[in-house]
Amino acid sequence: MSGAALEIQGLRVSFDHPLGLLRAVDDVSFTLRPHERFGLVGESGSGKSTMALAIMRMIRPPGHIDGGNILLGDTNLATLSGDAIRRARLAGIALVPQGSMNALNPVMRVGAQVADAMRDHGVSVSARAIDALMARVGLPAGTAQKYPHELSGGMKQRVCIAIAICLRPTVIIADEPTSALDVVVQRQVMRTLADVQQDLNAAILLIGHDMGLMAQFVNRLGVMYAGRLVEIAPIAEIVRKPRHPYTEMLIASLPSMDHKDALRGIPGLAPLLRDLPSGCAFHPRCPKARDRCTTERPEPRALGDGVLAACHFA
Amino acid sequence: MSNAPSRRTVLASAASLAAISPFGLATAQPAAVPREKTMILVWSGSREGRWVDYELWNPYSIGSNHQNGPNIIYEPLAFYSAFADKTYMWLAESYQFTPDFRQLTIKTRAGITWSDGVPFSAEDVAYTLNTVRDLGPKVKWGVDVHQAMQEAKATDANTVVIDFLVPSPRFFFFLTYKYDIGIYIVPKHIFDGQDWTTFKHFDLAKGWPISTGPWKVTEASLQQKVFDRRPEWWAAKAGLAPLPVVERTIWLPSVGEQALAQALITNQVDAGFGMQPATFRTLFNGNPKITTHTGQQPPYGYVDWWPISLYVNNDVKPFDDKDVRWALSYYIDRGQIIDVGYLGASQTSALPMPDYLPLRPYFDAVKDLLEKYNTLEFNPKKGDALLSGKGWKKDSEGFWAKDGARIRVDIIGFGAAGPAMGPLLTEMLKRRGIESAFSMPPDFDDRFQKGQFVGSIYGHGGSINEPYGMLRLYQGQSVAVPGAHLVNFSHWKNAEFDKVADEMFAVDPADKARMIPLFRRAMEIWIPELPDIQLVQNFHRIPWNTTYWKNWPTADNAYVNGASWHLTYPIVLWNLKQA
Amino acid sequence: MLRYLKRNPSLAVGIFLLAILVVFIAVGMLLTDPEDARPLSVPALRRPSWAFPFGTDRQGRDLFAAMVVGTPLTLRIGFIAGILGVTIGTILAFVAGFYRGAVDTIIRGIADIGLTVPGLLILIIIAVSVRGGLTVNQMALVVASLAWLNPTRTIRSQVLTLRERGYVEVARLSGMNGPEIIFFEMIPNLLPYLGATLVNAVSAAILASIGLEVLGLGPLEAPTLGMTLYWVNFNAAIINGWWWWWTAPIAIVLLVFLGLFFMTVGLDEIANPRLRRSV
Amino acid sequence: MRLLYIARRFAVFLLIVWLAASLNFFLPRLSGQDPVRTKLLAEAQLGGYVQAGIEDMVKEYNQKFGLDKPLWRQYLTYVGDTTRLDFNYSISNYPRTVRDLIAEALPWTIGLLGLTTLFSFAIGTFLGALLAWPGAPRWMRYVMPPLWALHAIPFFLLGLILMYLFAFQLRLLPIFGGYSPGAAPAFNISFVLDVIAHATLPALSIVLVATGGWALGMRGMMVTTMGEDYVTFAEAKGLKVSTIFLRYCVRNAILPQTTALALALGQILSGAVLVEVIFGYPGIGALLFQAIRENDHFLIQGIVFTVIVALGFTTFILDVLYPWLDPRISYQRS
């Protein structure tokens, strides 16, 4: 389908483990339209970070991509060869790392870490251009000369954003960009992210588990469970009427200003990829679970208004 | 180029890696001499492969050692070869004692000049002896001359008259070069006014060191010492000795036995230093041209004047008892020591004297005593009998003990002889019930001199051509030689023996009629007492390469002993012929 | 345990090598008479044969017996010095690392300076100063005198990291005093690391003792590995072609050091799991 | 901030030097042996003829060396002399001064030790880094085990084996010494080649052993570094493999290696002493062994002091360089 910034078709990623094959991402498909902000939520271990790495073709042994296509515009990243995929990274599709990670090389000045990224893509860059880039992400002058340990968490994250946008990619993947940052800084970082998206007219895939943050930032939301995409819907729709029981419980566990009843958590634990429950992986924790759920795995069905859900009774 | 060391700080030289050549860089490279006219030898007197004393050509100065080169520069009044029992009168033409041995007149040879043209005269001899006497403990031989000599006067250009404090029949022999002993005669016009303890007598530009001998130092550095032949040598003109065929001899510092072996095999070197018996087989099949004093047969060398024994400190109980000493002697199998310790390449030694020609009559005089008291007998039963006779009994672990205390002989050793025999001796004693351990303390000499030992492996610097030297080693105290610092390593005291030794001191060594009975009387006391346990002769096993040079001193051509570090080495140098 | 070894090949190899050594010594003890390790027991300089599997040396020692008797002696020196070194090292490390303050700076200063000085030089000076010959036990003490420096430094750095860990804070808050924390909280967690440091200290101690012995500063009678090499060097065995005289001790020294080395690598992996992934 | 850091490090260096000097003064005297007597007796004994009047000669010499003064006076003069790098005469090699002996031996040890250490450090580190890198060539797998095995052997043992193989059996290389006997040192090619030929075996026995050690150390560090977040992000940035390998992984992994290098210098020198003694190499190691064997107080003091100062100085240089390598360090200290 032309016109999509990023299209994932039937992506499958699994890890070899002494006790058998772990399917971290199991036949996931979705489309990211240009200029769109698409959110991806799910408990930890649901495969969302693995998805991000798979899209960037950065899965290391013992993991491997078993199948599916990753269409960035009209190039299929899944089939790209070694150096081609390297050139595609950052130029075509860029990653903003997790806030908690020290993603910057501790012994190099931050400016140099932008410059070397561009140089390795054959783009020469002047110090003045870097300073301008820094300014665009809201960093004070002279930040380029500083070392990572001399910057605050928020500033470091903005440097990462600067790096992500330096080659004007069409898609930016932000994998929990504000984790471990306090709320004030969180807001500033998300504001920066939004501004840069305006400039670049790029699409953003925001991965995280903070439904509140998602609600304020993304246009459409996808929910991952045990390696599968169980529901996709426009944000307003999903908040108003979640179709998949798991989404329903996620939304319910959100504290809201208007009604004050007790918070309801989701019983049980995320399933171990080693021994997935049969049929629909959610059935042991699903209040609407019936016999059919335990035997037949529900495939995602379009339910109108751009909503998809993988549940027999949605 | 002045040889004073430049004030280079350590750190500066550490930084300049290019300073591989230390400041001792050889000056002008001496003119080339063909290899077949050059004799190259390696001597182990150096320090880890470097001639640290390359500036020292005054054998009396502190730190100097005549073995490292000065021994072929300063000619003596006379040479003595123990092997040939022959005296070469040299700078001295003749000498005459007064009957009471209180005065000695020496006639020096005329027509001898120093290498700077200044004539040699009796004045040089008198000056040398008087200065050595005055410096006393500050220089080598100082104390020996100080004790015996009152004054030396040069009555005319060729006569020196020496007056003694005590009758000294052996004084001229003491002056003579033999092995490591002899007085170096120095040029008065150079040495006069210098401080002998620090004067180096080394300056190639001035032709120093000045010498009457056939060898001139043309290069001296950390790496090598080069001597070139002086054709105008007086002795060749006087027909006393042939002009050496060797035109240049290069002396190299040793870096170890293995390097020497390799250098000999590859003909880089013509003569080496004393090596271990085992290495000779490798040398012979590495280079058939290599030979020794005894050709390619064991013991691969000649008997040195320094027989080795197991000293036992007679001050330490129970070793003051001669029966215990004899028991120890009976427990030691000299045959096994020679087979295992020296691979068969050695000889036993019944008395603490070498079996040289001039000493044979003395050995014959005590042959019967040695048969009665065989100092080399290996007879454990006799040893056991002696010990049990004195109340010792073997304890539960088989060690001899008396009222709770075991006999224990801890042996210390040094150099080559120590490790070669030490472990074997301790093993033999342990097998017979005597506790023993061997060690090689770095301060061996200090402890051996001070008597801080029970057992010790050491030699005897005593006799060469007459027995007095050996008797002096065992004197408890001496009346004849006032203030003499006595040796007596074994701390054995016997007044009767001391008297006989003092009596011999005043007897002319040539007067065999009186010397032999005196020696017999001394041995009748010494042998039954056995102050220390006799073991083996000491051998100098020196490899010679006959590729370029022949007529090395050998058993059947023993004109002198072949040690390059001894004072008699010039004799070898003028005897060498081209191969 | 066996299953675990499969996952940590280095440790397995290490233990296997040392096991070979132990078996060699045990079997050796049965086959030969230890007395033959003393000089003059057998004919000298015989090539390896059925009668003398490792050949004989110049002083009439049966080298097989010498190795069987000598190896445990060398190991004993190594273990005594190693264990002494690590015990002192651990105590000092905890005193310095846990209590900090002036004591820490002093101990750290001594350890750092001590480590910059080449250990062997000081050992040589000490060995030379000992009046009589050294016995095997004295040798162990001489080597132990410097063996504590490295353990002190390495364990102290571990203590510093552990000290900041959460469970130590919790232990302190729950009223446990210093020594209790050290014994019940910190040491159990440090055990694999202490193990690795001990094996390292033993290996270093053996190296130092062999170094001293080769220079002739060891117990001259004992047929230890180092002393055998001293006699090899003294008798210029290499140039005289008696190859069997030095091949046996060097082979055993190799076995000892390789065994200890692989054990250290193995123990390191336990102490630092990240290393395990990519052996 | 930088000057304060350097000043503090220099103060530590001076403290080490002072401690070394004092330790160095007392240690040789510990043995209670009288070096002058030992020297004179050894010399007298050389000739087999024991000099009369040894006691008096000893007094003379003691006076000349200043050994007859009370200990504390000796210590004061010693400290004074040391500041001027004048270590008095060498007793066993009189009349040569200790400083000249050291000046002659130091270049050899620096040449042998300096080059082999840097060489093995560079190769070892590079090999170790490559080994941890998944993209490394296959044959790397087979280079490492032998190097690891070699690392377990002490220098001098490998030296013995190499000596047997190359010098004795194959007669390719000289067996002993710093240069062939009789070769007068000069800056011509033949002498330099001669020195290189003599240094090959000792150098090989050090390099082959040390390289394995550095490789192992580096491999461990690389494995840890490759797991760091900034390496993953570097990959996400689409950097070239070489950039990631060199500027991100190796650049960070090498930091602990350099500290290990500073600490290892002391032990390397210990090993080198034995290599020098076995190969008769005219360096500081052999000189020190001879000094200790002859209990030459001044020579021991001079050498141990020089060694400690040299090591202290190298550590000081590494300390000062370290912040340049790792910016985080200087930040923490100020």
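Chains here go by letter, A, B, C and D, matching the order in which they are written, and residues are numbered from 1 within each.
The rule is simple: contacts are C-beta pairs under 8 Å (C-beta built on N, C-alpha and C of every residue); 3 or more make two chains touch, one makes a residue touch a chain.
Remember, it's a predicted structure, so these values are computed and weren't measured experimentally.
Participant: If you tally contacting C-beta pairs, which pair wins, B-D or A-D?
Facilitator: B-D is joined by more C-beta pairs in contact.
Participant: Which chain is most central here if centres come from C-alpha coordinates alone?
Facilitator: Central by C-alpha mean position: chain D.
Participant: With chain centres taken as the means of their Cα atoms, state the distance from chain B to chain D in Å.
Facilitator: 39
Participant: Could you tell me the distance, in whole angstrom, between the mean C-alpha positions of chain A and chain B?
Facilitator: The separation of the two C-alpha centroids amounts to 93 Å.
Participant: How many angstrom lie between the centres of chain A and chain C, each centre taken as the mean Cα position?
Facilitator: 54
Participant: Find the geometric centre of each of chain A and chain D from their Cα atoms only, then give the gap between the two centres in Å, rounded to an integer.
Facilitator: Spacing between the chain centres: roughly 55 Å.
Participant: Check each residue of chain B and list the ones that touch at least two other chains.
Facilitator: 258, 262, 442
Participant: Could you list the positions in chain C whose residues touch two or more of the other chains?
Facilitator: Answer for chain C, listing residues that touch two or more other chains: 128, 238-239, 241.
Participant: Chain pairs that touch, all of them, please.
Facilitator: A-D, B-C, B-D, C-D
Participant: Given the complex with chain A, which residues does chain D contribute to the contact?
Facilitator: So the residues of chain D in touch with chain A come to 134, 228-230, 232-241, 243, 247-248, 251-252, 255, 325-328, 331.
Participant: Considering the complex alone, what residue numbers of chain C touch chain D?
Facilitator: For chain C paired with chain D, touching residues are 109, 113, 115-122, 124-126, 128-129, 207, 210-211, 214-215, 229, 232-233, 238-239, 241, 243, 246, 250, 253-254, 257-258, 260-261, 265, 268, 272, 274-275, 277-278.
Participant: Touching chain B in the complex: which residues of chain D?
Facilitator: For chain D paired with chain B, touching residues are 31, 33-34, 37-38, 41-43, 45-57, 59-61, 64, 85, 90, 92-97, 99-104, 106-108, 110-111, 114, 167, 174-187, 195, 280, 282, 286-287, 290, 292-295, 306, 310.
Participant: Which residues of chain C touch chain B once you look at their complex with the stated criterion?
Facilitator: By the definition above, chain C touches chain B via 38-40, 44-45, 58-60, 128, 131-133, 216, 220-221, 231, 234-236, 238-241.
Participant: Mind pulling up the chain A residues that touch chain D in the complex?
Facilitator: 56, 58, 61, 86-91, 94-95, 97-98, 101-108, 116-117, 120-121, 147, 149-150, 160, 163
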